[in-house]
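Next come two complexes, and both contain chain A; in the first it sits with chain B, in the second with chain C.
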Partner chain A sequence: MTKTRKWPPQLGLAIALAVLMAGLAAARPGFITLGNLVNLVRQISINGILAVGVTYVLLTGGVDLSLGSLVALTGVIAATFAHPGEYAVVVPVSAGIAAGALCGAINGVLVTRGRMAPFVVTLGMMTSARGLALLASGGRPVSNLSTAFTRIGSGDFAGIPAPTWILLAVAAASHVFLRNMRMGRHVYAVGGNESAARASGVHVNKVKMVCYTVCGAMAGLAGVVLASRITTGQPNAGIGYELDAIAAVVIGGTSLNGGTGGVSGTILGALLIGVINNGLDLLNVSSYYQQVIKGVIIVGAVWLDRSKKS
Partner chain B sequence: MKRSSGPVAALALAGCLLQACSSSGSAKKGPVIGVSLLNVSNEFIVMINQAMDAKAKELGVQIIVNDAQRSADRQVEQVESFIAQKVDAIILNPCEVEASSPAVDKAIAAGIPIVNVNSETRSTPTAFVGSRDEEAARIAMEYIAKRLNGKGNVTMMQGFMGQAGQIKRDTGAREVLAKNPGLKLIAQQTAEWDRAKAMSLMENWIQSYGARINAVFAQNDEMAMGALIALEQARLKDKVIVVGVDAIADALAAVRDGRLDATVFQDARGQGAAAVETAVRIVRKQPYEKSVMIPFQLVTRDNVAQFH
Partner chain C sequence: MQPLLQLEGISKSFWGIRALDGAGLSVARGEVHALTGENGAGKSTLMKIVAGIERPDSGAIRFTGSAVAMIHQELLPFPEMTVAENICMGAEPANAFGWLDKSAMHHRAAELLARLGVDVMPGARMGDLSFAEQQSVEISKAVGQQADLLIMDEPTSALSDRECERLFRIIGDLKQRGVAVIYISHRMDEIFRLADTITVMRDGRPVATRPASGFDEATLISLMVGRDFDAALVRQPAQTGEVALEVRKLTREAKFRDITFTLRAGEILGLAGLIGAGRTEIASAIFGLDPAGSGDIVVRGRSVRIGSPADALAQGIAMVTEDRKRYGFVGDMGVRENVTLSSLRRYSAGGFVRRGAEDAAADEQIRALSIRAAGREQQVKYLSGGNQQKVVLARALLSDPAILILDEPTRGVDVGAKAEIYGLIARLARQGKAILLVSSEMNEILALSDRILVIREGAIAAEVTPSRTTPEEILSYAMPQ
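Let's turn to the complex of A and B:
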């Protein structure tokens, strides 16, 4: 409470991340090697893309629980169009993203026009999309995918994995959109105070529609990357992914009540979760302890961040 | 009866039953067995079902197959209606350990023999036909021990911690490790039966141990496939043996292509056939075994053609 100076956003989180990485580097020299850092940024890509998408929704004060199911559904749809010698690789990729965007738009319509709580709407979508994924695949993994498609998940450019480039692209675009575009600033306005935003002429429903649709599209993109990486469309993939994504956003400083936060924090949050997962595997910590430690570090990081800010 | 569709067929059947029930019953003479299956949209259960049909035909018995669609409640109702129909025996492919137990209790109380197939219930049936998960892991780990001549570094990918499958496969694998002191379990971690999680875990192990890993035992094929892809992308597959369990289609294809070293096949057809055979023996008052264990089979490139 003695600190009156305002800290730059996410400084506490950045410090926590640095301390954690230094500790891991000391405990396991293999942690800070080029190979493992490349490994780390590849592994956070899918959660990172999902987290960037759900940042939009959380900024409006909403939530999206359907992400994991959408990853499965869109992965299955993409894989269905990705068999060798059938379509150009752009077809499965677009199909996956479009399917995700469509489901996101349905969430958006139900939240705005249907005036239902986002928790309930997206819980329904979570259940239905999982069922659709099972229906679309007949309950079996969709395999035998073209190398052009699997290269999205396994390829690299300039030494950096392709999924990481995709994450960087969507994060940069989202950062610019949310900070510098009129619609992006309206997202914060809606989350900060919906009535005030409406009174000052913001199309609240339109803003929310955009956010849920973008979030769904990002889940579609993540589904495509996942299917490509594991070389199958898995109807049971992605269970619980929404929670890791939401955790990354909240660790990154975006309020669950909406209105404050942003994509840069989300990326730091995703990195923190990735470092924990990677580091605990490298240290060969037992599965039971891993879960406990993860929970403590997540809450600890948020606590550190908040206390530095106050 | 279950395959016929439309009211016409139903009417025709009803007519048949009214008119010729007694005559067909006395002409056939064979015992009637009621079967309640977990879920016939599951590939594995479909194979059990097919084997049962074939065996019933061979032994000259009639079987009535009901699909419980994963609902233990529905399963208990189905068994109740078998009891009401006074079938000679019941075969139960339980949905759940606890919730399907009343089906067993009711059949026993009604004096109708009941055979559990593939999985267990808390209540003890007249006989059980299935396989032991411990054995699958033992077979997989013994294959690794043989390939490494009893000496090397092994990692194990666990299933969802605390589930029966994970616990039993862990137990089986450790039995073999205990017998082979040269095999060192350098790392073990859960990947929750999931291919994507297994891939990340393998990538992390590669960072940690690199080529020091000689073999990976994954407690199911999904995880084995994840480990395999990660090793291939790190260009280490030729140095590391990967073995899974379940013989799913993807894994069999990978074994055929020489990518995956081995998987372990659970014999659905063997279980289905043995269940019918055991039920018929009980009905005909012939000697039978209370617990019939169908062996798992190791699948490698040498014998993969027998499996599909």
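Let's turn to the complex of A and C:
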């Protein structure tokens, strides 16, 4: 009989993060300044929001490759409604989130009713959504946005950037949803053993629909924040974002097979990626090396997690 | 003369459950050796050890031939490849650069098929062939690999009479070439027709090996059942109440047909039969895991449509499935989360799980069923088979069903837990639950049931009363005619 683990599963990751930050602080005193730390949490916000969203899908044992394209599409849609003096700021924000949720729901229908592999469905959505973003914008950035809209990305509250507040809000809400609500429990059951979940009376398709839709809505939210931050709706934005988001979730200990993990790990994973990016910049490491190092860290983190479990 | 295969003292346990207990067997060259016995007697496990699929825990295997091949009950061909590619799999003719010699492959396949009189084109796609043709191709492959011992696990279970005849001819042909065949079967006529020697297995070891002429059908059956039935185990007939479940003409193409019965509150209705007779399929259809094609399910007088387990649970029907790993539990989750999975609504308010109520419910089930776990949070994948089964039972019971379907409730469960589960089933019936019990264990079904339906090849073959029947009678109804 195996003893149940007493310490939280993310402890190792938190320690690794602390050690990494201490090392960086020793090597580059500039790392630990308030200005740089604020910068750091702003930098990870968009990837963090996407990572929280895709955590839902990965927990069911699925995957969503369309996030980067959805960021572009929803950013363009939001920007279209965000010109000065046209609509209240709630309109572009809702439009972006709703567009993301709709695309996520389409992914969900194709995966559940269409019984297709999530990889294929979301690969298709990735391609089509990118095309739609280019069509909706005529291939050009949508600029001239109201200050009310751009403040979402550039404003701050109590010294903390607005995008970071948004990330904290969605992370906290998702944590409570997944850990304390019935539907959240069902997400873990579906990912852990779909057949057993069905035999227990769980509405498997409904659970998956919720997850893909929430994931799409989060991509819409990230798209709004990005458009606001760069003050344009960029049809070419967000390329490769889905992979950074999935990397954060996987580093955070969520299994690609579904059923185990959670949002707290995802946030730590996003932080780790952010610290690595920020630290390597401060150390003047060329961006080519940065990519190599990031890749090694992603695989290394999962390998450590695996060897700890077996 | 030295035998081709000699097994001595083979033992094998799975998860602490003894499957083989010092089994021995001797097979001569060119002999057809029939292996028979009840479900779970250890035949398939023994043969998997001979074929090298499983390792024995102890014992000796002496094999003086060159190769063993096993023809499984469910075939394992490569459906997208051609017949020739399947036959040459693993021994493909190729030149020094690894380049496949397709014409040599074709020739070898054609020659083998012709030798066995199998009328199949080497270039045909394996997946386009019938089951019988695929089986013949598999046998040809085994012969091509110079196998001098061929194991066939219930090879005729999916064959028509004509196809059986062809298979028997091939077996006769193999025998003439000096190939020994171990033939696992329940079918009396086949056994007596083909076998030179018959071995009966029971409880993990052979109980009798004789030349076929030394047996008749009646002795064979009584040897299979073995132990004298313990009448003291028989449950007192229950006070039965209203009709809880009525099933009318339930049918699914090629699985079961015209299944009609009623089940009353407080009654235990047994479904007996051989593996593959369709009992699990009938149970799964009532629970909505795999809905039936046609027929009616009537719950407490109302005809209901059950398209999923969620529908069944809403009607007060719960099921403990045979395949525990697949349908039974979520291994990464703790005991608590598994036990409450079907009834989480009761332990939540406004969508939020009330942990206090949930913890209390889980603790109560752990106590009531004496589930031995390190605590309510222990992951179910680390529990023993018996305790996993109790978790599955607890989940079903917590949904407070009026109708409980139990499919092989004590499979892979140790003796102690088995007795506890029997006690629990009897108690549930006393409490007025209507119970449908599927079991392959003769003692279990006879001891627990009020009535028994014997299922043979997807249809009800007979209804018997435990106090007025014998294992032999049930087995005779269950055997394919």
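Heads up, the rule we're going with is that the second predicted complex is superposed on the first by the 296 of 310 C-alpha atoms of A that agree within 3 Å, B and C clash if a C-alpha of one lies under 4 Å from a C-alpha of the other, contacts with A are read in each partner's own complex, and residues count from 1 in each chain.
Here, a contact is a pair of C-beta atoms (placed from the backbone, for glycine too) under 8 Å apart; a residue touches a chain by one contact, two chains touch by 3 or more.
None of the values given here were measured: they were computed from a predicted structure.
Which term applies to chain B and chain C once both are placed on chain A by superposition, clash or fit?
Partners fit side by side after overlay.
Compare chain B and chain C by how many residues of chain A each one touches, and report the one with more.
B
One more residue to check, A:Arg42. First (chain B), second (chain C), both or neither?
The answer is first: A:Arg42 touches chain B but not chain C.
With the C-alpha centre of chain A at the apex, what angle separates the C-alpha centres of chain B and chain C, reported to the nearest 10°?
Between the chain B and chain C centres, as viewed from chain A, the angle is 120 degrees.
Looking at the overlay, does A:Leu243 come into contact with chain B only (first), chain C only (second), both, or neither?
Neither partner.
In the superposed arrangement, does A:Ser287 touch chain B (first), chain C (second), both or neither?
So A:Ser287 only meets chain B here.
After superposition on the shared chain, which partner residues are touched by A:Val120: those of chain B (first), chain C (second), both, or neither?
It touches nothing on chain B or chain C.
A:Met181 contacts which: chain B (first), chain C (second), both, neither?
A:Met181 sits against chain C, while chain B stays out of touch.
Thinking of the overlay built on chain A, is A:Arg229 touched by chain B (first), by chain C (second), by both, or by neither?
first
After superposing the two complexes, find the smallest distance in angstrom between C-alpha atoms of chain B and C-alpha atoms of chain C.
Comparing every C-alpha of chain B with every C-alpha of chain C, the smallest gap is 33 Å.
Considering each complex separately, which residues of chain A are in contact with chain B in the first and with chain C in the second?
none
Under the touch definition given earlier, write down the residues of chain A that touch chain C in their complex.
Residues of chain A touching chain C: 1-4, 180-183, 185-186, 188-189, 192-193, 195-203, 259-260.
Please give the residue numbers of chain A that touch chain B in the complex, ascending.
Touch residues, chain A against chain B: 28, 30, 33, 35-36, 39, 42-43, 46, 139-141, 143, 154, 226, 229-232, 234, 236-239, 277-278, 281-282, 284, 287-288, 290.
Okay, in this complex, where on chain B does chain A touch?
It comes out as residues 41-43, 158, 161, 186-187, 189-190, 194-196, 199-201, 203-208, 225-226, 229, 233, 248-250, 253.
Provide the residue numbers of chain C that touch chain A in the complex, in ascending order.
My answer: residues 287, 289, 308-310, 312-314, 319, 321, 326-334, 337, 341-342, 344-345, 348, 351-353, 355, 374-375, 377-379, 382, 395, 399.
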